[in-house]
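In the two assemblies presented below, chain A is common to both, partnered first by chain B and then by chain C.
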Partner chain A sequence: MIRSRKHPIAAIGLTLLCALLLLPIAFTFFYSFFPKTEMQAYLALRGRYDGSWLPILLSPKLFSLRQYYTILIEDTVYLRLFFNSLYYTVTILLGQAVFVPAMACGLSRFRFRGRELLFFTVLAMMLMPFQVTQVPNVITLRIMGLMNTSWAVVLPMWFTPFYIFLLRQFMIGIPSEMFEAGMVDGAGAIRGYFYVLLPVCRPVLGAALALSFADSWNMVEQPLVYLQNEATRPLSVMFNVLTDTRADIAFAGAALYILPTLILYFYFQEDILLGVQLSDLK
Partner chain B sequence: MFRDKRALALFLGPGLLGLLVFYLAPFAGGVYYSVTDGSFRNAFVGLDNYLKVWQNEMFQVGLRNTLELSLLCAPAIFVLSFVIAVLLRDLGNSTFFRNAMLLPYLMPSSAMILIWMLVFDYGGVFNRLMGLFGLPQQIWMDGALLRLPVILLYIWKNLGYSVVIFTSALQVIPQALYEYASLEGAGRLRQETAITLPLVSPTAFLIFVLAWVNAFKIFKEIYFIGGAYADLYTLQHFMNNHFARINYQYVTTAAYTFAAIVLAIFAVLYVTELRRRANV
Partner chain C sequence: MKKVAIRAGVILAVVLACSMFFAQTILTVTTPKIKYVQVAYRRFEEKVEFTSALYFARTDKIALPDAAKTPITVDRLYVRVGDLVNAGDTICTTRLSDDFQKSVDDASDALVKAREEYMQNEVANIKLVDHTDTDKNETFREVNDAGAALAQAQSEILGAAAKLGLVLPQDAAQWAALVQQQNDENLTALMETTLVAQTRVTAANQAFLDTYATSKTKKELYDFLNRRAELQRTVDRAQNTLVQLVATSQAMTTVRAEHAGYVLALALAEGETYAGGGPAYELSATEDPPVLRVDVSGRQRVFATGMRAEIQGEFGPLRTEVARVVREGVDKKYLHIALSSELISQLGGVRAMLEKGATVGVTYRAQDNTSVLPAAAVRTDGSDTTAFVYVAEETDGGLWGGSTVARKTPVTITDRGDKEVAVREDLRYSRVVYQEDRALTDGGRVMEYVD
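Right, the complex of A and B next:
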């Protein structure tokens, strides 16, 4: 039931808007292939207040992989931070894979007293601003003595209310017949979970995986407070510190930093669309 | 529906334990910090901490900036995403456009700062465009004006999310309504405001709330652009400062105060929405 009117203005407007949204990403990759010296000289032109325009750089003297060579081989500072990020992100995702779908299943495929109340609690936690939920996290982390360890960044994220909510929204809409068909031989809940529920949930699991990856990959507030030792911090908080002093490799660093989320996005884009639509409470 | 009680405990138990340990129990237990003085005697001081935090100038600045910034971002995202969703529908909901718009949502904002600093440089593209309209060059990367690049970065990243939710809500509106309105002589604008907007209002309400709560996280963008100026000092800056000093009295008090404010605004929004729905 989609109205199809021909609207050249809408088409032009949206194309322009998409270009505007995608250009920063495109330029980051484009500039990462400029020679180091050329890029450094260009970035040094920023912050002149004499009224001269910053040139718009559109063609490099030559395409070069020097920026990448430096961050990948010559100077491993960047790479170490990149692997910190990867370590935190993977550990967070592994924990979430254990706890989040199971809890969502409990909240949607079982009937018990207090289910709605528990779901409402999860919802309320999800809508609380981060400044509020961070405080209980910190109290527990200190009591457990986990501050300044990687667990501080990882553990609270295993139980992120948003993903419990997202998966529950999908699971509650699955028709019961699907389970009955799969469980004629009287298989229990655990078999039903692994052999019916999880396979059926594949799209929403893909969405949760991609969104959660981006969340962890980009997290700032937590490592900033929980990790005092700069060597253990992820790229998300260290990237701008690093590029302040290393303008010559900044764009290759940014491009490499974007790359994992970009790959994940293209792989899961249909699922992500579905997942975002599911966050509509109805 | 599964019925096995032991299986339920197995599914729900670990997650529930995690939520209790990291969120619910310390949230309730933290009340203790907010009403004691934090000395080794830990004397009960009643609401003293609350009065102290409320009178704290940095808390006031942080709270005001956080609310101001979020109330600039949320309505902007709300209006823009509604207009874009309507335009998208006219084009038959092209998946390409939706995907392109959602892509920034997953991107690390810190990687985008480089481009932002070029665009908003004194000699940068943004000032060039201003020049085309006959406006003077501005120093965007400093002082109160720094809010604009920060807000635009935030919108750049978060716009697509609302667009996608709006788009899916628009798809369920029956076409017949528009045809009827057309016959009655309703113009395009009238159709969108009299049919589309009221029919997507439950979703619209959610989008506004989500956009608004998410906008409290604008600290991220501020941190990258490097502003800790008076105009960009947010509640998160205040919290970070007192986390570093392990000042539980202040962080718990500030958190409960903020939670109360947010809940109060939710309640107002919700009641307004219910009233509006009753009147339609």
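Right, the complex of A and C next:
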């Protein structure tokens, strides 16, 4: 750990870097209180290519909460899409909570023929970009009759390879004596899974949950491809369309959209760091 | 940190949930509610109420000229204002004034007195009458007799000729030739008689002239004859005066209608004296039926013949129409509302209409079709020329969904009434706001009011 007293330059540099990285989020929240006319005029400067810099607005001419009123009260389409995002995220997390730890446990705790091949397949799928698997997914979903339904988005996400890998790597590090102690007490495989393994994996589960939440909350490609009905798409996909005609609520909508992720991050902050460490990904 | 995150998460969830739950309620409460109307495209109509009076185009004001000389006191009145009379119907009976009766008595006394004086003169000079110049008298009598005989013969021949269809001229010298042409025995005989009478008159006149030239009358006789002639003239004057007075009284005791018509005014009343100085009564001309006249002077509306009119009767409105539009002078303009006999009877008759008039509603109708809106829909900015309406438009916000907004649209008023306004712009396919629960703004969101 770099201590700021011994390495002040590094500390200052990193602080500045952090500030720079946090600047977009800060601007999002800051500009969300600017009135509609001022924000529309400011955003109209984006198309200017005369070499001049985009000015930074430091304070609004008139502090306004009208934008929040618009998206929360006046036009509920934002909230409908917000809850679409929430629905998909929660459904995906619930499914992942059922399948991912179980698959990780199977790949780490049990020895069976084809285990390594299966693990290799998981690794390979983890490395493949979405665009590669998109077409087979579409065909599969069409055959199953799930296209243009929420299952088309949710089902593939229940078996995300990265979290299987993450949990599997953590579970390998758990000593087998803990399971044997449980077996001595009469716990079988299932009870050992629920009462021994999962409590021990709480930190990495938290990390996985947070990361998975962020993934699901921000997913764009899957709903764009699998859902034709705009009313069923999540806010991550429709946000650009919404703010295309209503630039005044762009920042307010974005600020509101960031909040759940931020809250979840603050809650699982330590688990995320611990989980990343324990999975040897640093 | 976890607790802070949990609290923040809970607060966010509550805010979002409350927003979802109360959003529509807040929108409903904060959005102006409107009622709109689909604009009609038709002729602007407005019913305008007027107070009308019964009107006759021509009236005759009839005076009694003799009343100026002999005032009359109305004894009994047989008609009232509004009655329909025929020619010769009795208007009233009168009694002559005491002064007139006194003048009749005076005239009668004067005649009696004149006759008495005449007779006294005759009696006082009876001897002179006997010893008057016989020749002159005889010739004078002969002249009178011959003249009377000639007059009688002429009268008979005129009557006989008239029966035969022959009109004899005034010049009697032409009669013989005309009678001869008729070849009628009776007529011829009468002509001979007339000729004989004419000859006799000629001879008598000549004889009188001859006698007058030669004879001399005594002074007393002369004076007597002069006095007699003077008294005779006095008697004649007295008699003429009395005859005139009696004839006047005959004419004045019964006042009759000169022609048929409605009695429009009466200056006569029972027990009151009428001394001339103005018309005694007023009659309408029967060939002009009565109408209801409405004063529309100064009105900006252009009323025309044929426009629908309704007269407020006792049991409801009665339909009729505008018969004529009449201008009198530069400023005055009237509508004549047609009245049939059935309408007049339904309105209580001419008498009732003369007493109280009638309320008439004339429906003004514009000539061209325009957009007609409720008056509440048209607003102004303070001056009459800048009028506007709010039109409810559906906007498509794309993913944001549609909403109804109020758009301010300027209009030009062509006709304005109490309940409706006609504008020049074609707003047939527009929904115009005519009622709202709070002030509207151009482009502001609105919501239709639903019970």
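Basically, the second predicted complex is superposed on the first by the 254 of 282 C-alpha atoms of A that agree within 3 Å, B and C clash if a C-alpha of one lies under 4 Å from a C-alpha of the other, contacts with A are read in each partner's own complex, and residues count from 1 in each chain.
As a convention for this text, contacts are C-beta pairs under 8 Å (C-beta built on N, C-alpha and C of every residue); 3 or more make two chains touch, one makes a residue touch a chain.
None of these values were measured; they are calculated from a predicted model.
**Student:** Consider chain A as the common anchor and indicate whether chain B and chain C clash or fit when overlaid.
**Tutor:** With chain A as the common anchor, chain B and chain C both fit in the superposed model.
**Student:** For A:7, select first, second, both or neither according to whether it touches chain B, chain C, the two together, or no partner.
**Tutor:** first
**Student:** Quick one: name whichever of chain B and chain C touches more residues of chain A.
**Tutor:** Counting residues of chain A touched by each partner, the higher count goes to B.
**Student:** Just chain B (first), just chain C (second), both, or neither: which does A:246 touch?
**Tutor:** The second partner, chain C, only.
**Student:** Using the superposition on chain A described above, determine whether A:180 touches chain B (first), chain C (second), both, or neither.
**Tutor:** neither
**Student:** When the two structures are overlaid on chain A, which partner does A:257 contact: first (chain B), second (chain C), both, or neither?
**Tutor:** It touches chain B, and chain C stays clear.
**Student:** How many degrees, to the nearest 10, separate the directions from chain A's C-alpha centre towards those of chain B and chain C?
**Tutor:** About 120 degrees, rounded to the nearest 10.
**Student:** Let me test your reading of the model: by the given contact rule, A:75 touches which partner, first (chain B), second (chain C), both or neither?
**Tutor:** In the superposition, A:75 touches chain C alone.
**Student:** In the superposed arrangement, which partner chain does A:220 touch: chain B (first), chain C (second), both, or neither?
**Tutor:** first
**Student:** Touching A:269, do we find chain B (first), chain C (second), both, or neither?
**Tutor:** It touches chain B and chain C both.
**Student:** Taking the superposition as given, tell me the minimum C-alpha spacing from chain B to chain C, whole angstrom.
**Tutor:** Between chain B and chain C, the shortest C-alpha distance works out to 14 Å.
**Student:** On chain A, which stretch or stretches are contacted by chain B in one complex as well as by chain C in the other?
**Tutor:** Dual-contact residues (chain A): 264, 269.
**Student:** Within the complex, which stretch of chain A touches chain B?
**Tutor:** Listed in rising order, the residues of chain A that touch chain B are 1-5, 7, 10-11, 13-14, 17-18, 21-22, 24-25, 27-28, 31, 43, 45-49, 51-54, 56, 98-100, 102-103, 105-107, 109-112, 118, 121-122, 125, 127-140, 142, 155-156, 158-159, 161, 164, 176, 179, 188-190, 192-193, 210-211, 213-214, 217-218, 220-221, 224-225, 236-237, 239-240, 243, 250-251, 253-255, 257-258, 261-262, 264-265, 269, 272-273, 276-277, 279-282.
**Student:** Where on chain A does chain C make contact in their complex?
**Tutor:** That would be residues 72-77, 79, 82-83, 230, 238, 241-242, 245-246, 259-260, 263-264, 266-267, 269 of chain A.
**Student:** Help me check something: in the complex, which residues belonging to chain C touch chain A?
**Tutor:** By the definition above, chain C touches chain A via 1-2, 4-6, 8-9, 12, 15-16, 19-20, 22-24, 26-27, 397-401, 445.
**Student:** Which part of chain B faces chain A closely enough to touch in the complex?
**Tutor:** Answer in residue numbers: 1-4, 7-8, 10-12, 14-16, 18-19, 21-27, 29-30, 33, 66, 84, 87-93, 95, 97-118, 121-125, 128, 137, 139, 141, 156, 159-161, 164-165, 168-169, 171, 173-175, 178, 202-203, 206, 209-210, 213, 216-217, 219-220, 223-224, 226, 235-236, 239-240, 243-244, 246, 248, 251-252, 254-256, 258-259, 262, 266.
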